[in-house]
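So that you can tell them apart, the chains are marked A, B, C and D in the order they are listed, and the count of residues begins at 1 in each.
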Amino acid sequence: MNKLGIALVGHSFMGAVHSQAWRTVGRVFDLPVRPEMVVLCGRRKEAAQAAADRFGWAESTDDWKSVLLRDDIHVVDICTPGDSHAEIAVHALEAGKHVLCEKPLANSVTEAVSMQEAADRARRNGIQSMVGFNYRRVPALALARSLVASGRIGQVRHVRASYLQDWLVDPDSPLTWRLQAERAGSGALGDLGAHLVDLAHFLLDEEIVSVSGTVETFVAERPLPDDPARTGPVTVDDAALFTARFRDGALGTFEATRYATGRKNGLRIEVNGSAGSLAFDFESMNELHFHDAAEPADTAGFRRILATEPQHPYLEAWYPPGHVLGYEHTFAHELRDFVTAIAERSAPAPDFTAGLRVQRVLDAVQRSAAHHSRWIPVGEAQR
Amino acid sequence: MNKLGIALVGHSFMGAVHSQAWRTVGRVFDLPVRPEMVVLCGRRKEAAQAAADRFGWAESTDDWKSVLLRDDIHVVDICTPGDSHAEIAVHALEAGKHVLCEKPLANSVTEAVSMQEAADRARRNGIQSMVGFNYRRVPALALARSLVASGRIGQVRHVRASYLQDWLVDPDSPLTWRLQAERAGSGALGDLGAHLVDLAHFLLDEEIVSVSGTVETFVAERPLPDDPARTGPVTVDDAALFTARFRDGALGTFEATRYATGRKNGLRIEVNGSAGSLAFDFESMNELHFHDAAEPADTAGFRRILATEPQHPYLEAWYPPGHVLGYEHTFAHELRDFVTAIAERSAPAPDFTAGLRVQRVLDAVQRSAAHHSRWIPVGEAQR
Amino acid sequence: MNKLGIALVGHSFMGAVHSQAWRTVGRVFDLPVRPEMVVLCGRRKEAAQAAADRFGWAESTDDWKSVLLRDDIHVVDICTPGDSHAEIAVHALEAGKHVLCEKPLANSVTEAVSMQEAADRARRNGIQSMVGFNYRRVPALALARSLVASGRIGQVRHVRASYLQDWLVDPDSPLTWRLQAERAGSGALGDLGAHLVDLAHFLLDEEIVSVSGTVETFVAERPLPDDPARTGPVTVDDAALFTARFRDGALGTFEATRYATGRKNGLRIEVNGSAGSLAFDFESMNELHFHDAAEPADTAGFRRILATEPQHPYLEAWYPPGHVLGYEHTFAHELRDFVTAIAERSAPAPDFTAGLRVQRVLDAVQRSAAHHSRWIPVGEAQR
Amino acid sequence: MNKLGIALVGHSFMGAVHSQAWRTVGRVFDLPVRPEMVVLCGRRKEAAQAAADRFGWAESTDDWKSVLLRDDIHVVDICTPGDSHAEIAVHALEAGKHVLCEKPLANSVTEAVSMQEAADRARRNGIQSMVGFNYRRVPALALARSLVASGRIGQVRHVRASYLQDWLVDPDSPLTWRLQAERAGSGALGDLGAHLVDLAHFLLDEEIVSVSGTVETFVAERPLPDDPARTGPVTVDDAALFTARFRDGALGTFEATRYATGRKNGLRIEVNGSAGSLAFDFESMNELHFHDAAEPADTAGFRRILATEPQHPYLEAWYPPGHVLGYEHTFAHELRDFVTAIAERSAPAPDFTAGLRVQRVLDAVQRSAAHHSRWIPVGEAQR
């Protein structure tokens, strides 16, 4: 079996999760090529080496550009904050490396466009790219998409999506990079809202065409991480709310916040259609709730599908029914699909075009918010 | 429309609930006769009159025997503690009155037999009788029975029933009549377990034939209600657990307790069969959970049926879907069925024979418990 | 005890529910006066008489104005469609009758203002008025308000409210009065959204000051009820979505729809604050979910409070814990509060001023929707 | 850091899960020694080698005895069916290898006693042993134990445990080794019931002292796996039910079955005590429901603790709150504890004595079942 050499850039939360997925994917799934965990890249040499040891990478480096020159590296997996995505991804693609890039694709539409263009050019040479919207790989949500695609939901009327966390409720929580626009691009909008937008696109296989949005920063100043006695300005949104129209007329409500006290990772999405409905909450990620309107009224009801049957997406490789999966498994699924696409020379999804599409929606939300929430078509301000 | 004169005996909790049901039933359902709330009977004159005023009865009396002589009384509704059921019911039946008797039917099998015999004799004269197992009239449970009856569950393998309350957790809770064997007959067994047994008989349309039981009194002495400085012995069970076999081979587990901290009226029952399963919890009484094993594995799951559709039992007369019902409505349903049976000269269910059957099961549980939980056939010690 | 003579206007769904509540309230609660169900008013004589017989009213009439002249009538209870609320209410108030008016208060702000002014004048003469926002009387929601009021939720950041029904999913469902603007005023907005707005005002004790709204009619033409071969235009909204800002800075999202397949009466509201959160779903109306952020992290979690304890609002008069209540009980609670306020000569809540406030919010939503969802201050277009 | 050489015996379901845990544990947790995945043992050479390649073991062998002679092997991890546990474990312990043995410890009390004695002898030489009751390592259940231990539940009155699966509902499901007494020892009792007994011991830190049990085989003959046209006898139980008494007086109900249609891995346990209650269902394994009776009645309720906070057991090494764990993580936790105990020369739990204790309970259940469910003290028939 051929080997696929992997370089990982970044070793914080996402780097750790991707490492676990790289260690696992080939042990569980039948892959057409064998991924090799070759090198981990970080900004500081010692930290990178320690992470490589811990996470199981053969080598480490503090110079990500050097890995682009190596013949034994075929894939660059980007797990850094959003402000470096464009630079790394474009360079890697131009060097002929397949790229997996964490979401959101970039911090701005301009960056995202450059990435999408680089991905397009690379694809002509058989080089693939994908954005890390891992929630597409929750088995329950992959099942949800297949139910929509097969017509079980009918014409979609409503999408109701919220991503609720609560780690900023305390006003003394520090001003990390996630709260600084120059590093993170935006706040809850890009971090959480991006997932919701991609999921909605995924489930409906249809795009958002216009939005009316609101963003809010509840706590304007927070303590500096390195000097808690001083504060600095929060330059991203704490919460983002928007209403959306989909191409075929469905209406969506979206809410992303870090102030939903008691909600830890409450990514929820409900879809109502003329033939049925679907409901999901990540905090119970193994469950999909499905209402089939074709049922007689006296036995109809939302059924709780425990998406752990061998028939369910990705489950053929895992455990017997009811032996539930967790958050990290979505990344193993993502890598299975990415690696398989590379081997089969097909385009993985979501690609950078899909990532750019999400970026345009987020951008439209911000522009709408800046214009009293007026409805704004997505993509109005092109390139 | 003909009138049906009602006499109610007892005006505590059950008397209040029955009164609300009598006030309501003819206002909501189309009944073939019109019930008239004629007289309320109590032990003490003033209290009975106050209750009659409050609950809407035209008259009151402290002599229940006198009402048996009245031509304008057609129904006697018995809401007293179990130790007076047999006397009142037998007299009333012999006086040609239809009888609705609260559960459990009696405090002993001997009493229950005498009641069942009186009911049998009376029935030959067109006089009906019924036991007040109100939970049969929860729409979700009536639906459950119809699903079992129509084969949607297949061959039943397991019944899992528990009735969990917590009002005795505090050891200083007083020694009321419910904790005295001579008044209440038994404790959790007769008060809660009786409901479970009747429900199981109702859902499966099949009887328990043998049991292995355990009873337990956790707190042996409690303060006297009138003299809390002194205590008296608790002479009933605090909790009763038993395993049961049904006629066709299903296995049941039953548990009734007043020590399930945090469970308030947790009457739960689950039925597993070869073709499907049902699950119910009274604390969410408008919901029935139904698993249909005929569904393909990828979309199968317990569906939450909100039993508030016009197609559901008893719902034709109530509110639009989702406008949920409560505990008291089960009594209005019970009265609808009872009054209709009287008018149609048909036998209502559960009749005293069904009530006796429950009593025999409870009796077998107590005898098994007295014999190291040895399996005992129900009805072994006949009359 | 003094009597309070009641006249009911209207005998459809709301009329039936109010009748049940009038029959019940004095039988369960200790009231300072005794309500008498004197007369039911309808448009057609025979139908009104049949309804009076069924629902337990002593008399009937097809001339509601005549009852305003009667000395034995003290209260007028208005259960008609919205287009007649203003006329009946203003006349009744001017005739010195206390008025209970179903929601929404009126079909327009202009009408609502006239009603509020009439109510203000009447109050100076000790005449009370109230709007029938019955969901305030769900015990779990009354408890929720008390938790907010006592500071258990802290500073509110988010309100997330939706009212989901599904009875219009079928495009062949007929064009009833509820789908005609001239009768109903608006669609989901006024029927369902009004409840959400009032509840939010109630829970936070704070008003919505601006909105950004969207309304949508998914199915433009529907069969005429009397001539299904022909269709007519739907002139109200099928769904209404809006974002709101509260006076103290909280952000709200609101959604009302009749196209949420499988959701029957899904009135849901969640409140997130700096010290805790609350969540409620009417389909499980006896439950309030409360997260207390003051709990240590390892034992914190949303607790499911079964609001059936004697300590809970309105529960002192009902059944033991866990013996759950239903939809109709909210109306008995409403009447208890209304009757008590009349007897005590205090102002009941929500009064017509509160009803007008809701109306202004709905009006602002419609105006925002007509202006590309631009944010609009509530009450901008005053009187 | 010192290395710990691991040999795994068996490579079916449990072998795969343990392999994933061995690959993961040192990458996530800070361990005092580094486990090395040295050799995988199977019965057939090729299959063992293929599994070693797949699961990441350096070598393979078809001769488990040979690995006992190797100095680079310090741990033997036994993942074979129950009939070989005793032989492998006793040999390994006598060869000075630490042993992790899958549950149930053995197929009979006699075997279990021999293992426990070998473990006792080995421990004097610093050799540790543990039984693989992985559910103790569910963070929510580890939290549950700590709540019981710290007195938050008070005096325990009830334990209510069931382990519900449904893979035998189809009577044409084949006669695998799990249905043969000589391989599996028992059926649902040893496979599922063993987990329940160990968990109850773990949560209460107290033993079951007597039981009254029932076992049942619903389908007596099943198709042979290799020759489906013929059938063979099922020699184990399909379902096992028992009532238990704990040392301090608590009553337990236990049910294990493979016929609970629609329940996939429904391991449920509820504990009711004088000060609170706990409830858990593995199908929602990240949640613990805790009722604190010390709360005022108006805000008391079962709280859903999402056991994913850094304060929760094992969570310090994983993901942010709400990023839920799955089934396999319980094995990584088990290995963390086992490896740490070895390094610290302390006794891991549950050791073979605890495993024997479970075995004695299962044995008592079978003997009680053979004696009409008569109560039988656990351990009556010693060695």
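The rule is short, and it goes like this: a contact is a pair of C-beta atoms (placed from the backbone, for glycine too) under 8 Å apart; a residue touches a chain by one contact, two chains touch by 3 or more.
What you are looking at is a predicted structure, and each value in this text was computed from that prediction instead of being measured.
*Asks:* Among the chains, which has its CA centre at the largest distance from chain B's?
*Replies:* A
*Asks:* Contact counts by the stated rule: is the higher one at A-D or A-B?
*Replies:* Output for the comparison: A-D.
*Asks:* State, to the nearest whole Å, the distance from the C-alpha centre of chain B to the C-alpha centre of chain D.
*Replies:* Centre-to-centre distance between chain B and chain D: 41 Å.
*Asks:* How far is the middle of chain A from the middle of chain D, if each middle is the mean of its Cα atoms, in Å?
*Replies:* The separation of the two C-alpha centroids amounts to 36 Å.
*Asks:* Measuring centre to centre with CA averages, how many angstrom lie between chain A and chain B?
*Replies:* 54
*Asks:* Multi-chain contacts only, two chains or more: what residues does chain D have there?
*Replies:* In chain D, the residues touching two or more other chains are 263, 300-302, 306.
*Asks:* Please output the residues of chain B touching chain A within their complex, sorted ascending.
*Replies:* 143, 147, 290, 292, 296-306, 309-312
*Asks:* Mind listing the chain A positions that touch chain D in their complex?
*Replies:* 13, 17, 19-20, 23-24, 27-28, 54-56, 165, 167, 263-266, 282-286, 306, 308, 319-329
*Asks:* Which residues of chain C touch chain A in their complex?
*Replies:* On the chain C side, the touching residues are 157-158, 160, 162, 164, 166, 169, 171, 212, 214, 216, 218, 239, 241, 243, 249, 251, 253, 255, 257, 259-263, 270, 272-277, 291, 293, 300-302, 372-375.
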